[in-house]
Amino acid sequence: MTTPLVEVEDLSVGFDLPDGRVEAVRGVSFTLGRERLGIVGESGSGKSQTGRALLGLTAKNGTVTAKRLAFDGIDLLRASERERRALRGSRMTMVMQDPRYSLNPVMTVEQQIVEAYRAHRRVSRAEARDAALAMLQSVRIDQPQRVLALYPHELSGGMGQRVMIAMMLITGPELLIADEPTSALDVTVRGDVLRILDALVAERGMGLILISHDLELVASFCDCVLVMYAGRIVEELRADALHDAKHPYTRGLIGCLPRLDRDRHPLPVLDRDPAWAL
Amino acid sequence: MSLDQSALAARPERRGAAALGLLGGIAGFLLTLAITLLGLVVVTFVIGRVVPIDPVLAVVGDRASGDVYARVRAEMGLDLPLLEQFRIYLVKAVTGDFGRSVLTTNPVIDDIRTYFPATIELATLGTLIGTVIGIPLGVFAAVRSGSFLDQVVRIVGLVGYSVPIFWLGLMALLLFYARLDWVAGPGRLDIAYDYMVTPVTGMITVDALMQGQTEVFWNAVSHLVLPACLLGYFSLAYISRMTRALLLNELGQEYVITARVKGLSETRVIWRHALRNAAVPLLTVVVLSYATLLEGSVLTETVFAWPGIGSYITNSLQNADMNAVLGGTLVVGAAFVTLNLLSDLLYRLLDPRTR
Amino acid sequence: ATPKDTLVQAWMIDDIISLDPAEIFEISTTEIAGNTYERLIGYDLDDVSKIFGVVAESWTVSDDGKTITFKIREGRKFASGNPITAADVEFSLQRAVLLDKSPAFIINQFGITKDNVKTAIKATGDYTLDFTMDRPYAPSFALYALTSSVASVVDKKLVMEHEANGDFGYEWLKTHYAGSGPFTIRDWRANEVAVLERNPNYSGTPAPLARVIYRHIPETATQRILLEKGDVDIARNLGPEEIAAVSTNPDIKIQSAPKGTLYYLGLNQKNPELAKPEVREALKYLVDYEAIADTIMKNQASVHQAFLPKGFLGAVNDNPYKLDVDKAKALLAKAGLPDGFTVTMDVRSAQPITGVAEAIQSTFAKAGVKLEIIPGDGKQTLTKYRARTHDIYIGVWGPDYQDPHTNAQTFASNPDNKDDASSKTLAWRNAWPTPELGKEVDAAILERDPAKRAALYEAMQREVMADGPFVIMFQQTENAAERANVKGFIMGPSFDNNLATATSKE
Amino acid sequence: MAAASSLRLWLTTSEPRSRAQARLGGLYQGFRRLARNPTAMVGLAVVVLLVVVAAFAPLLATHSPTAGGDLRTERLLPPGPVFWLGTDDQARDINSRIIYGSRLTLAVVVLVTVIATPIGLAIGTISGYFGGWIDRILMRITDIFLAFPRLVLALAFVAALGPGIENAIIAIAITAWPPYARLARAETLTIRNSDFIHAVRLQGGSSARILLKHVVPLCLSSVTVRVTLDMAGIILTAAGLGFLGLGAQPPTPEWGTMIAQGRRFLIDQWWVAAMPGIAIFVVSLGFNLLGDGLRDVLDPRSVR
Amino acid sequence: MAETLLAIDDLRVTFGVGRLHVAAVEGVSLRLEAGESLGLVGESGSGKSTVLRAVTGLAPVAGGSIRLAGEPVRLPRGMDFYRTVQMVFQDPFASLHPRHTVDQILAEPLAIHRVADADARIVTALAEVGLGPSYRFRYPHQLSGGQRQRVAIARALVLRPRLVLLDEPTSALDASVQAEILNLLETLRRELGLSYVLVSHDLAVVAHLCERLVVMRRGRIVEETTADALRSGTVRDAYTREMLRASKGFTREPPAGSGLQPS
């Protein structure tokens, strides 16, 4: 059997706060091959923290525990900070949620992409620049030459998101965690961005974790979906089986959306059962 | 201590101003300068009239006869109606004629040319020291916030805020000059080196270098070091605190995580990404602290027998030598406004969002 | 350390506002003038009554006592190399009167005004000069007046080269030098330094030192540190405790000399309480003269209660008043103020004045006199004093020249007590009319017999001591803390004779 | 014990029953947050100590703060059993003077806060809220004050008003407000366009109401923090004026003036200047630490 | 026929001068009958919020007219206006004063309009939005996003307005909370006879709450249609069609003629 790309077993992330401890992620387990995995759940359910724990970017006041946390067979829990840094950006990477805040406002697109590339490749600045150009082209940015010289605030939301993706993909990573890559975008731009990611998985055989709170979207995009609630995975399903979901939370999530094809008044609402969080 | 977060406060306004373009910027600057200076002229005039000091006394002394007193009073235009006095004062100030200082008998302009460079020298080195040490300290404190090191930096800074400067100054003199002999004593230069450089800029270090007098240069530096360190300590206290606060703020931003996601080293993340962003408001902090030092620190100047603009203005004020007060105040005010503009310009250079 | 041929003094010289002898009147400038200019005559520093010629070789007084004829020494030169002649002396004295700066009154008081100065002061030959007064004043009075710095002889040729708009070279001389003394003034930078250099053309014994530098060091602790470090040779402003501390240092010695300066309280007679004679007297019993002189003013002053300082002709040197709270209380009760009263005192924020004021405050309180101290900057308190809006003013008074008239006039003469009077003597400032005493003052200057003259002044002093609105307390002793290798620094009785002319360093 | 814990519950409940409970609960939460910060507690302790000492000065002082002892025997004595912190050049007990001086220090602190904070707040919020020419005029005035050498301005005010501690305090306050105005203005600029201010406007709230009830309270916290952090500077400026002879009237035991007078004895009779110096240091340190702690508690940005 | 509550004719709004000049709204006209609800959809930056702000007087009107119940609105808006029109903002975290309790927040409009029985009105208002009295003295930070939005709605309703402007009232909320708020808005509308103008970029939300909607793009109205037309997919404008398609989920093939199609 080939080793899966990512193995997570019983992952927990807790934060120490002045008022006590917050358990953000509690006993999450999953494995990921070279496929598309979606993670959905409401705000604060621990989606992002799961992704960050994988990359080793949990905030200072947080602690990560797990039975196993591995990337391509490498035990991430044992790896030194240096080893993890070598993995980060080159083999595993993450597209951050909002390009407006996630790009460095005082560095040009070129500086930021080149920096990402040269952090892992011993290449000249010019070579790195060429690679950046090619990368921007591959995420289908018009006039990549011009865009390279721009600062983040000069980019539109869609461009920024694509720059972000280009920057994270330039090293040809094997795992991409995309944290709500489209939440800042207009519905019409959203499709464009997702299609780019989709193509990369298909073409490069990359593993993709798509984090979102939009159940419908994730289901139509991914192979497999994890539903999180209060730091736990409450349900794991195949995307095509979404409408056969068993857990009341998942069912509630699907049901409570207003839909164009069904006019329901009033909308069904979610009755939270405290037992879900246990 | 008069430094403040107003450095940051000015941000939104400046962004707006930035949009007006360079030309508008210069015109705006000149207008601001003019208005500020006019304000200073008015305020100094009022001060001159309300201080309960007879300006004639500074000229004639206590023993003059009544006739001499009356004549000098008339010469000084003090018997004219107030409004008329103000008109003359204003016209003179506008035409750049600050008249003569009673105390030094020199044209005020000349005085400023000698006293202000002394202060600039001191303030510049002080700010340099404060910045070069303060920023790294602030960075370390931010990176290890909550740690022992952080507490140490904080206490060091707070001590800087809390200790009377004349106390610290005398103690430093006693230790580093009298006991340890590491630095030269009060004053700007050893008497042996006096007259060896001709004043051009008025800053002895600069003049000495320009004229190739390395020995004089080092002597001047050795005189400069102690008071500059002292002033540097005070700006360090402020700069390190602001650096810490600003950097902590930046370190909480998403783009820092992005940088880490890229696999960059922590050093690069902090110095190249976070600090580069913090540098934008930090610049204003440094410039403001510099501007404050340029006002001259009367107390430091007294302790170190430093002929700077601070004690010049204070001394003049105590003698109701209003020409000198006005000249000194205007120069300091103009320096303040100019520095503000400079920081605005640099701000635009550093922050692409304002271009 | 300082160079061997250079004397560096740490001193507060921020009072210098001009270097022109016709204008200078401040403590530091008079000292500088004393080292750099020569006058017609001088006096023996050890015995002030001995007068001798300097620029003048000799002088004679006319029979009517109104004209003094000076014979000028021949063959002497200014620093510029120009010879000193009667024309220079004539120019210098006329110039002082015509410029009419503050010290001009010293010459004016002999009836010499702008209008008659051309005839009153006249060179009658290359080396003779007539000085004509309106009345036959005591010759010593006139001669002492001519020892003051206003009578310094300036280099006419050099000065007139720099004349502009008929100002007699005033603008130029304010910051330059044109004299003939042992030193020349090389440079003065306000609030920083004054540099004197040996005059190569000096006609007397050349000064051993090549250079004398006054550094403006405003902080006394800084002066002390510099002195102990050896970066100055003399520190001039040390306080008593600092003096006591440095005197244990074998490298440092203390030199002191009594000066003519008096510390006194001026009691404004416009204040109804202070106008009562009993109150005036009571306050004189409420100062602990001895204790203050021994502690706060240690080595800085000695008790002295008459308006003429020790060493002056006719000075009264016994001190009848001491702290006597009971007597003071009795006097106050007699004045109808058995519980005392409240009164303010304007105090210049400078040591030792503030310390003395605080000590007085606490002894006044013992008799129920509540003294409120109003601190202020020097010019500020003085402004108030001259406007006669104070209650009590704690002041310092130094004689303008070595003749008793200078102090007699100010303490005992008030010809016009109106608010807009032109003569603002100390008696006027304290609103004390002196109808009788004023006449005595005027008479004394005409008395040509020294012994009789001395007696007149003695009487006046007793009178002021008993009834005057002045609580005269101390006479200043000036201190200089010197490095042990400094030899021959002279401290004379007046400010213009602290001389470095014979100083040398080992 | 039980009463205490039920009180805590009452205070910390997320469902307060009354306005008072909500307010007290808010205060308690703030205090809790402050209490968790050990350095802030040290600061608070110092400030409380200052208040206590000032309040009970007559009980704590062993000697008169103003009347001197025997000049010949009790002058400039080093710290000892009778005069714990030594005596000064007027033979007064330094300890007692420091104790009484705390009242003045407290007065300085309180008065400056009471004068400078409202001026700064008013000018800053009005300027930021209305913008336009009002803003330009007010900010120009602020800049003029800011561009004026501060100690000189204070000196000028003291000179004009006459010396004395009250006037010194007023002068300091008059020169202290511009930074607060700029801070308040910046704060106002960020909140004036926020939705909750729009909401009040949409309810028909007048500008005055918005400023007073909505904007000012929000700016107050950051300005308060700034003022607290500035306290050291303010005490030292008062000391600086004292140093220049324009502060308190002798023999008032003002700490700054005490140092200024003691500096003549700095090297040999070190205690004369050092003792009040230490007092200033401790108090300003206390205010600084407290200010740092308050920043965490009050800064609206940290309340999320 | 019902009276026309809100009539906007040829509204134009511009911001800034010179280089910064933007025409945020260019010639928008709409009409809203009493009791009716109108949706305003469009891409980000198309001027939806600006239209609402112009109505309330928070944005400068450069041209056109706004009439409320037949009367042209005045500047500044009078007290009557605020009693007729209220607004609910998008971000529940930003629209409540961070230092005021729910009680203070609700009392403010009553105090401004000097309403007598403030206490009772506050309790009623809270009950209306489904919050118990236990929420009355809480601070915003003690509330969840949905609860905050309820408070914001209560604040808008406490003066009993006839028209409520809703600027993306649910876009910051989770799907499950969104349903609760939408239900609440629906109930309130029915019970109090309110009119809504609802801004949203979610077609389904608009269709759920409004009968009629206008689609905006770049400051102009590109289409005016009904919820029924939306459901049946009979929309004319290409842009509207594209939005409709995108809101159905992810599709692998790019839509034909997409404006964002890279060349």
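Chains: A, B, C, D and E, in written order; residue numbering restarts at 1 for each.
Note that in this section a contact is a pair of C-beta atoms (placed from the backbone, for glycine too) under 8 Å apart; a residue touches a chain by one contact, two chains touch by 3 or more.
Everything quoted here is computed from the prediction, not taken from an experiment.
Common neighbours of chain C and chain D under the contact definition above: B.
Path length between chain B and chain C in the touching-chain graph (shortest route): 1.
Centrality by Cα centroid goes to chain B. Set side by side, the interfaces D-E and B-D show unequal numbers of C-beta pairs in contact, with more at B-D.
Centre-to-centre, using mean CA coordinates, chain A is 49 Å away from chain D. Between the Cα centres of chain B and chain D there is a gap of 25 Å. With each centre defined as the average position of its C-alpha atoms, the distance from chain A to chain B rounds to 51 Å. Chain geometry summary: the mean Cα position of chain A and that of chain C are 89 Å apart. Annotation for chain D: residues touching 2 or more other chains are 159, 162, 244, 263, 266-267. Every residue of chain B that touches chain D in the complex is listed here, in rising order: 1-6, 8-13, 32, 35-36, 39-40, 43, 47, 50-53, 151, 154, 158-159, 161-167, 170, 174, 292, 295-296, 298-299, 310, 313-314, 317-318, 325, 328-329, 332-333, 336-337, 340. By the touch rule above, chain E contacts chain A in their complex via residues 43-44, 145, 174-176, 178-180, 182-183, 186-187, 201-205, 207-208, 230-231, 242-244, 246-252, 254-255, 258-263. On the side of chain D, the complex with chain E involves touching residues 14-19, 21-22, 26, 194-196, 198-206, 209, 213-214, 217-218, 300, 303-304. The part of chain D that touches chain C in the complex is made up of residues 67-68, 71-72, 75-76, 89-90, 159, 162-164, 244-246, 249-251, 261, 263-269. Residues 52, 55, 57, 85-90, 93-94, 96-98, 101-108, 115-116, 119-120, 151, 153-154, 164, 167-168 of chain A touch chain B in their complex.
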